[in-house]
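Shared between the two complexes below is subunit A, which pairs with subunit B and subunit C, respectively.
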Partner chain A sequence: MFEIKITDQGDVVLSGRLDAAQTDKAMEVLGRINESAKVDFKELQYISSAGLGVLLATQKRLSQSGKRLKLINMSKHIRDVFHFARFDMIFEIE
Partner chain B sequence: MAKSATKTIPSKTGKLLEVREFVASEARDFGFSDEDISKIALAVDEACTNIIRHAYQNNPDHEIAITVEKKKDRFEVSIVDEGRRFDPSMLKPLNLKEHLTRYRRGGLGVYLMKTLMDKVEYNSLGDKRNEVRLTKYLHPVRSRR
Partner chain C sequence: MDRSFRRTFGQLQSVFEFTNEFTQIHAISERVRYVLDLAVEELFTNMVKYNPSGKGDIHMHLSFDKKEVLVQITDPDSDPFDVSKQRSVDLKRSLEERKPGGLGIYLVQKLVENLQYEHQNRTSIISFRLPLE
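Right after this comes the complex of A and B.
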């Protein structure tokens, strides 16, 4: 189960498990983001490199217009995955 | 004596959760910490995802066999497919800066597997079968890495 929503403020809320089965769904929603946005990980239980790739592709697209994602409320487990992949050097994580 | 358990799944990403749960349960029985269980489950997810996407090119009509072997001091996961052979020597080492500036699919999963596990081996088993073998020691020592 994976859910992704955009709030009225234009931020993104993730919940559930973001693996390779869910990348199309995630990409479809993240593709609507055109401004800098926060991505709330509070309810996200799992992420694999497939999910990291979707976030990176979005960050790359936004950076072309000087915008970026800020990742918030990560659990230790999710933060560890970002660290192992060295993605903590790429994203602003609060 | 080694104890083993096997799970066979169709080559669909929708089956990844089942695989993670199977491997996590076996790793828990073996005595790993929650952190190591998460690492092993993620590494096996990455291996299966690579097989589905690259060896089977997203064709869901094939099978992947995941066998857990619990040995005295280590936990090995054998992941076998019959798809296109992966040659790890063809994969350039992951360059983070390049990955950021020129994102390309693939590569990150292999990098993660190597980071998460103590050993990652690619074997050709004959009969067109390929194996990725992932090993994690229960009590790793630095010299093994």
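Right after this comes the complex of A and C.
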């Protein structure tokens, strides 16, 4: 089960498992973000390359207007995936 | 344990139910389970993406000994695509130049051990091992 929502502050909260079958849902919500935002991974248990692709596309779109995503509360397993993919060079991870 | 899956992304949930059943039976750690799910998803979705109309289901075999998990994924109708071969994924490119293509197979190559590929009579067999810590 994957859930994504935007808080009143304009930040993004992810939960569950972001796999290849969930990318349309993630893209639809992330497409509404037009300002710099935090993405909270605290309740996200799993992400695959398909999920990384959605975040990459969003970061690229935001960067064109000088905005960016900051990723917070990432588990060790997910952080390892970001590290192997060198996505820790593309995103600020707190 | 063995199970077969139709060629659709909608089967991913069933794939994860299968790996979850396996990892619970053998009390496999969360870290190994993560890598198992990631590798199986990347390889399964790759087969579906590049040959959605292929004949026959994709078959998965999971086995376990005290030191490692052994995985075999079989596609009975496929063109050759050696997933064990090193491919150029330039991870040092800037944000603007980065593309997600090829990243999934690259992650599999980084995270699993003894990744092997065989292709004969249109059948692809991928196997790999996951050490238990």
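The definition used in the following text is that the second predicted complex is superposed on the first by the 94 of 94 C-alpha atoms of A that agree within 3 Å, B and C clash if a C-alpha of one lies under 4 Å from a C-alpha of the other, contacts with A are read in each partner's own complex, and residues count from 1 in each chain.
By definition in this document, a residue touches a chain if its C-beta (ideal position, glycine included) is under 8 Å from a C-beta of that chain, and two chains touch if they have at least 3 such contacts.
Because the structure is predicted, anything quoted here is derived from the model rather than measured.
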Please determine, from the superposition on subunit A, whether subunit B and subunit C clash or fit. clash
Touching A:Val13 in the superposition: subunit B (first), subunit C (second), both, neither? neither
So, A:Lys60: does it touch subunit B (first), subunit C (second), both, or neither? both
With the two complexes superposed on chain A, say which partner A:Ile72 touches: subunit B (first), subunit C (second), both, or neither. neither
On the A-aligned overlay, A:Val29 touches which partner chain: subunit B = first, subunit C = second, or both, or neither? neither
Name the residues of subunit A shared by its contacts with subunit B and its contacts with subunit C. 17, 19-21, 46, 48-50, 52-53, 56-57, 60, 77, 81, 84-86, 89-90
Subunit C-facing residues of subunit A, complex: 17, 19-21, 46, 48-50, 52-53, 56-57, 59-60, 63, 77, 81, 84-86, 89-90
As the complex stands, subunit B meets subunit A at residues 12-14, 16-17, 20, 35, 38-39, 42, 45-46, 49, 52-53, 96, 99-100, 103, 105, 108-109, 111-112, 115-116
Residue positions on subunit C within touch of subunit A in the complex are 9-10, 12-13, 16, 30-31, 34, 37-38, 41-42, 45, 91-92, 95-96, 98, 100, 103-104, 106-107, 110-111
For the subunit A and subunit B complex, residues of the former touching the latter: 17, 19-21, 46, 48-50, 52-53, 56-57, 60, 77, 80-81, 84-86, 89-90
